Structures are given as C-alpha cells and as structure tokens.
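Down below are the structures I want you to see.
In the two complexes that follow, subunit A is the common piece, with subunit B as its partner first and subunit C second.
What follows is the complex of A and B.
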C-alpha cells in the first residue's frame, strides 16, 4: 500500500500539507459567490499542480466528480437555482480539492513531522497503529472465514449464531491478542511516555514549501480583495 | 560455564524465585528458582510446553509483574539492579526481548522504520540508527526499503528479531526465535548470537529445536513443573538430548492411486507469482514433506491443494473422492491455530465435525488431550492449541491432512506424539499427509517423499534422502562457529 515511502519525495512537508488542506477548506467555505469560489479553486488547482499534486488531483476528481455532478443535479431538480446548484457543485469540489494535500501526506512522514514538532510520541504512534490496523483487520477477517470454511462451517451472514461464534468471537479474541502483544512489543522496545526519543529520518522543510506558502498567501489575498 | 557469585557480576541473578499469575492460585508456575547467568553465556531454556519457560523470561524482563500483575516472591536482578525497582522502559534498555507471534508486533509500514523504532526510543542519533538499520537488516536478510505488507511470515519473524537486535542491549531474551525461520536465517541468527555473546553479551533462548541451537549454546537449563531440574554445559547437553530424537520408521506404503495432479500450475498474490510452472502428482497414503526457504511458496502450495486459492494458470486435478466432499476429505491446519478454534471446550472443538462421540473420544485419546476436554481451547498454550486444531481437523477423517508448520511450539513430547498420531492415522484410516516445515526433526521422520521448493518452483522431488541434502546445505548451523569470525 505504501511502498517506496521515501522515493519519490513528498510534494510538500507533511505539516505544510496539513495546513494547506485546512486553510483551503475553511477559506473556500467562507466564499459566498460561485464566481469567487471557482476562481479561488482554479487558482489553487494551478498551484497544487505546480507543487506536484497533479496525479492525486486526477484521482480525487475522477472519484468525486461524478458524485458532485449527481448531487448538484439532484439539487437543481429539487428546485434549487442554477447559482445554488453551482454552489453545491463547487463546495463538493472544494472538499475534494482541500483533501488533496492531506491524503498525499504519507503516514510515516506525518508521524515523523509530528514527533519533530514536539507532539507527544504516543499520538504519532497511535496514528501509525490505526493506519496499519485497517489491513490487519481485513486480513484477520479473511483468515478466520477461511479457517471456518476449512472446519466445515457453512457461513451465512444472516445466521447470527454463525456470525457470533464463527466470526465475531474468534475475531475479538484475535484482536485482543494482537493489541496485547503489540502493547507488549512497544514497551519491551523501550517506548516510554516520559521520554521524547529521536527521529530516524527527520523530515526537513524545503525552499519549495516556502514558495508554495507564499503563492498560497497570494491566492488568499486575491480572494479577499475580490 | 560461567560461575558468577554475586548480583553485581551477573547479567541475570535470581534468588528463591516463586511466580504465579494470581495470588489466589494454589500452585506456583515457577518455584524455587536460583539462577546466575554471567556475561558471555548463551543459555538454552528447554522443557515441555507449559513448564514455565516463557514465564521465566517475562519475569526477567519485568513483564510478569508490571504488565500481568503476577505474584512474585524472591529476587530478580539484571546487571546488578533489582527488576522490581525499575520501570519497563528502563529494563528494556538493558534487556531485549523477542516475543512469540511476529505478525502482531509490527506497526510500521516499512522495514527500516520498524527496525529503527527501538533505537529511536533509546534517543540515538539518526546516523547511529541508520548504521544499525543497515547492519541488522543485512544480518536478517531484509531490504530496508521494503514495504512490510508484502513480507512472508518468516520474513516478519526476521524483521521482529532485527528490530530487537538493533537496540543492542546487554541481555537478549528470545522466545522461540527460530519459529518460521528457514535454515539460512536460523544459521545467521545463531551465528550472530554466538559472536555477540563472545563479546560479553548474554542471551537466553527458549527453543524446542535443540538440534539447531545446542551446538551454539554454552549452557542448557531444563525446566520441569516450574523448577530447574537440569543445568548442563554444552557437551553434556548434546550427549543427553540429541539422542532423544524420535526415530524414523521405515514406511513407504503409498498406493498408486492419485489424489492430486498439478500440471504447470501458476499461483499469484496480486500480480506477483508465488508458484510457477509447478507440476507434480501426489498419491494416496504418501507422507510428503515440503521444504524451502521463507517465501518459497510452501504455504501457498498447501492452500492451493486445500482449494483456498485458485491457480492463475495450469491444471489442478483432484481425485473424485476429494471432489465429493472437498472440505471434509482435505483437512488443512494453518500456521496459526488461533484462527481455527471457536468452540468453548476442547471436547466440543474436536466433536464439531466428528461423525460420532466415540470417534471424538478416540481422537482426544489419540492426540493425548482427553485431560483438556473441559478447558477453553483459546486458554491453552500455543503447543496445546496446535494439537487441538490438528485433532479437530483429523476427527473429520480427511483423506489428506495438510499441515503448515505443525511443530512450532511443540516440545519433544508433543512432536513425538504428533508423529506417532500421523503414523497411526495412516495405519488405521489410510490418511495421507503433506507437511510444510523448517524443522529437521519433523522432516526427518515424516518425509517419505520430499518436495523442495525454490522461488516458487519445484527444485527437487525425491525420497527421504533429500531431507539430508536440504539440511546439510546449512551444516555450519550444526557446528560451533570459529571464534572471532564475525557474522556481520
């Protein structure tokens, strides 16, 4: 899922990505006119493209574009004005656009950046564990279902007894075991809440972060003037 | 053998130790333990399942009292300091622990981050951490840039070991570190432990594969019912224990009727092929052992035979009797027994797909687990869980039993019983077995026919003689390494 973490480089520093996402969403929502909103988004899309988010934008809008058009179309059919429907379309697009820098941040990089910024390590650790938990959960469910099939349990979602005994029970036991062992592993590897530790591969700010930041400030100033 | 006589000079010093997990328990899990282990010692801790080996390790690293809340009497010191007076964070700076169950201990997404985690906690500089990551990834045959998601079970075990070794504590505790490791990785690890203990570190291994570890050990401690009953040096240990290996019974009683026929089979995980151009035939009554390094495709071959994965190309033919009731006629026991247990007593677990109560009792007796009949399966030791899982599958009376690493967690007694049971099943019911293993004891006794996999292809297919050829590739692992030859 996240192979090749350090290659290629992240477009921006993880903290810059977080801030950019947050400001894009909040400022965009504050714009009341469709024209202003679309100009704001067009400027930011150009900036994101230059910053290196082109591929992510294509992926996001390939998914979100259809949803935005359907929702805006339904709003129009439900009696909304053209301007209102355009605003609905724009706000959904804004959510997509604002998510671009955020979802481009690699969890490992974000965890490192948070630790460097003085954030308690437990938060960075929890972030990583949470992200890793999703594929672990999926894989555990798959293995349990396979194991039950081997044992001759004919599994049906509608059969609550099967769901409880043959899926839920082993799954809960496995997840408790995994979390116990994980906690033990973390503690026996020297993790302590009271000590900060170091970062193996520090994430550094680059000139590009500053340039994108200045350009972003210019876009905001333009939006405020308009 | 070192003969240290004071806590300060010892790496580990234990006096009058009694341990139980609850003060309400009548008996002690460990009792009357007096032990001194000095710098430079590589100690193997042996004993049957449930005799307290893991408890002794978790008492030394402080986990028993500080995490499990165990009732502990007596004194345990590491490097001269009382374990009770330190918190876990400080103990872990002196004592490195490799726990069982590698997969559940990993939380990073890339190999180097996982290996670096412990060193980050120690507050080492990025340059030092980078050097350690490079060194220990190299030692365990891992690529630092590799994504963890694609690693095999054996590779994850190597990763967990590397992440502990990279902290470079003075004392290492390793609980079944060779589980799922192929011969080359096991040899590298044992060689490293030998070297590092020569330089003054201390290591304690809990391991059932004594044939592999004894040539490297300086001392063998045997636990029985929570007490240390034997404390032997290396020469005494080899004399006493290598003679206990179960003997091979000459048995080549397979029929000519085919059970499986694979022709140019290719199986892939995603886009990556795991088995390639595999052609072979398995016959009724055969006892087949699959050998191969980590990631060579052993588990995938078993899963293919069990019908859990479908070949991407090629032909997989099953005998008509296997096609009629595929789930009952092909019994598959996976690596981790926890997935296959779901009833609330051992009896019900074995009885679940058994044809009669009589049959259930017969299999409880055959596997020697009748005395566990009322116990909850998930509350048993790992070795016992594995026996229950195999018994539950075996009670379905499959025509073929597919076993993935059945000896992990099995002591000599458990292994001997397992082998006798498989032989008895073949004698009574004509059950064939296909076993994937890294364990020479298991392969030696169960391998009438040997399939040797390399990178997903069938490198060799032959009789029992192949077991010797395969394990002799790593003969150095059975010889004490030459002093001063670094493995790094």
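What follows is the complex of A and C.
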C-alpha cells in the first residue's frame, strides 16, 4: 500500500486483509488486561510471520516501536501504573499490528478487489489516486526544496513570506497541474463513471486466504475464552 | 460530479494524507488529548479550502476527508471515523448556514472548522470505544479547550490562506473556480 513497505510474495486477498485488520484492532481494544492483549498480539504476530509478513512487521515496528516506547514511558513518568503503561504500549503496538495485512496490499489490487466487490467506480478510482499520489506528492515537495537550493533561496520555516512564495504557491500549482494531467489522462483512456467497469486481472481468493482466515478464527476463539 | 472534480479532490486528499503523515508523528508522543489535530490544522484548512473552492458542491470537504480516512482505515478504523464524523459535522453546518460552497464565507467556515472538529469527533469515538482515553479527555477539559482553540486559529488561518492562494491562481488562470 505505502511506498517502502516490503510486500510478501503472495499477499492476502485485499478483502481478507481488510477484515483481519478491522477485527485485530476491534478485538485488541476490547481486551482489558495487558497479559491477554500481549498474548493476543503474540499469536497474531506468529500467524503473520507464517503468512509471510515478517519483513512488513519489522518495518512497521521499526517505525512505531520508538514512538510506542516514548508514549508509554511518558505515561509512566506522568504517574500511570506499570500495567497502565504496558497497556498504552500494547495498544500502540496493536495499531501497528492491525495495519500489517493492509498496508502491504498493492493499490491496484485493492482497486480491482473493490471493483469486483461492486464498489462504485468513483470510490475505487478516487481511493486509487489518493493512495498512489501520497509518495508522488512527497517527491514533489522534495523537488521544490531542491529547486530552491539550486537557486540559492535561503529558506526559513519561520519566514512566512518564504513559506508562502517559495513553498506553498509552487506546491499548489504542482498539485493543480498533476490533477489536470491526470484527469485528462483518465478521460482520454475512456474512463466513464456511468458505465460498469471491467477488471483486467481479477483478484482471486486462494487457499492461503482460507488457511490464514481459519487460524485467525482460532486466535479470536482463544481471545474470547481469555 | 465530473471525473475531473473527483481527480482533483483525490489529489487534495493525498496531500492531506501526506501532511498528516509528516506532522502527526511530531506530536504523537505528547500526552495531551487533541494535540494531534493542531500541527496539521493550518495545512488541512488550506487544502480543504482549495478543494471546496474548485469543486463548489456540498460534499467536497466530506469527499476529501473520507478519502484521507479510507487511507488511514488501512491502519485503524478509529482514525477513519474521526475524519468522517468531523467532515459530516462540517458539511451539516455549511449546509444549514449557506446551502453550499458558493460563497467564500462558506468555504472559510467549512475548511477552518474541520481541524478543530476532529477533537470533538475524537471524543465521540472515545465514548463509543470507552477505555482510559475518554477519561484523559474529560480529566483535563481546559487543555482540550486550549487544543481546540489552537486548532481553530490555525485551521481558519489555513483556510484564509487557501482562499488567498486560490484567488491568486484564479487571476493567473491556473485554477478555474466555478
């Protein structure tokens, strides 16, 4: 889903990822004891590891781990109990864990799965553009900063005139240009909102989805017993 | 809504998502309820104002917020709900007062209100979920009010800036507003 995220060789069906993600967070939030929450997360981490999401998990927790530790540490210093701080740490880790099956979905696969599921084309197209263009816009910002450096502009975030003239205006102009070009490109390729779309390469459910689903149901049953 | 409008709103949503990714981690470790809405407020106001300026229909701000929320849904449905609830309240207020985004005041109000409204939206979601976050929100109401004020000031400043940029680009023939 996002740039720089390692994807497994055979990712889960996007809809399976969506369901797993939703259930992971919902059930995790419902668990009131730190031990239960950590057992639940450990079981899921093992399941995702077996399903091929090991590298994705490492990537997610490398980003989120520091933040989670700082937040939990601050909560402890602010007078929270050890159990409370552990719960805070666990809940932040839970957000990371719940994101694992979905952030590794390729945007095109998600768009295809949504179209197959009967989702309106307007939503599938808009979502695809939104996801695809987050890294594009990040690189555009970088380009604008590089252009300023080349021209010798001494940019200061505290100088509002600089921020307005040298960053915001060029960025907004780029956004509008990208939008116009993309709209033209979509229209010239015959995209129509009024007609029902076809999927070039349908996304199929596989045995792996069923197996992971069953194992996940087992983890949920265990969590409910706890 | 035309394909062109949807593409523009989707690009704006991508920019809103990017702003969130860049600014929210800066304050994630600060244990003040509602602080996450503050650093992004200026940019949210600006981008939403541009979106509503170009696509002057009821639902423009909701479309941007919902698309941003759908990306965040990949991580947590709570973030999705926060965005959508705030945008729904904004659209309702704008519809009740102005019936659309034809007037600039409507755009200013809608785009400016979005960021501060994510804090009460957060409260609504916290009531639904329960847990200690709701307790944190209610334990320090003055701090929440301060965050609301900060997000409001920045949100309206961003919306004002967005309108100003929009007018300038309209004069230059780059942004065609209805």
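Basically, the second predicted complex is superposed on the first by the 171 of 226 C-alpha atoms of A that agree within 3 Å, B and C clash if a C-alpha of one lies under 4 Å from a C-alpha of the other, contacts with A are read in each partner's own complex, and residues count from 1 in each chain.
By definition in this document, contacts are C-beta pairs under 8 Å (C-beta built on N, C-alpha and C of every residue); 3 or more make two chains touch, one makes a residue touch a chain.
These numbers were taken from a predicted model, which means no experiment stands behind them.
> Quick check for you: in the superposed arrangement, does A:129 touch first (subunit B), second (subunit C), both or neither?
both
> Per the contact definition in the header, classify A:201: touching subunit B only (first), subunit C only (second), both, or neither.
In the superposed model, A:201 contacts subunit B only, not subunit C.
> In the superposed arrangement, does A:191 touch subunit B (first), subunit C (second), both or neither?
It touches subunit B and subunit C both.
> Residues of subunit A that sit at the subunit B interface in one complex and at the subunit C interface in the other, please.
Overlap of subunit B and subunit C footprints on subunit A: residues 1, 125, 129, 131-132, 169, 173, 178, 182, 186-187, 191-192.
> With touch defined as at the start, can you tell me which subunit B residues reach subunit A in the complex?
Against subunit A, subunit B makes touches at 61, 63, 67, 87-89, 92-93, 95-97, 99, 101, 104-110, 112-113, 116-126, 129-130, 133, 145-147, 149-150, 160, 163-164, 167, 306, 308, 327-328, 331-332, 334, 336, 338-343, 352-353, 378, 392-393, 396.
> What residues of subunit A sit close enough to touch subunit B in their complex?
That would be residues 1-7, 107-108, 125, 128-129, 131-132, 135, 143-144, 146-153, 165-166, 169-170, 173-174, 177-178, 181-182, 184-192, 194-202 of subunit A.
> Quick one: in the complex, what on subunit A touches subunit C?
On the subunit A side, the touching residues are 1, 21-22, 25-26, 29, 67, 70-71, 74-75, 78, 84, 87, 95, 98-99, 102-103, 105, 122, 125-127, 129-134, 136-138, 141, 164, 168-169, 172-173, 175-176, 178-180, 182-183, 186-187, 191-193.
> Using the touch definition up top, name the residues of subunit C that touch subunit A in the complex.
Spelled out, the residues of subunit C in touch with subunit A are 1, 3-4, 6-15, 17-18, 21, 25, 28-31, 46, 50, 63, 67-68, 70-71, 73-78, 129, 131-132, 161, 165, 168-169, 174-175.
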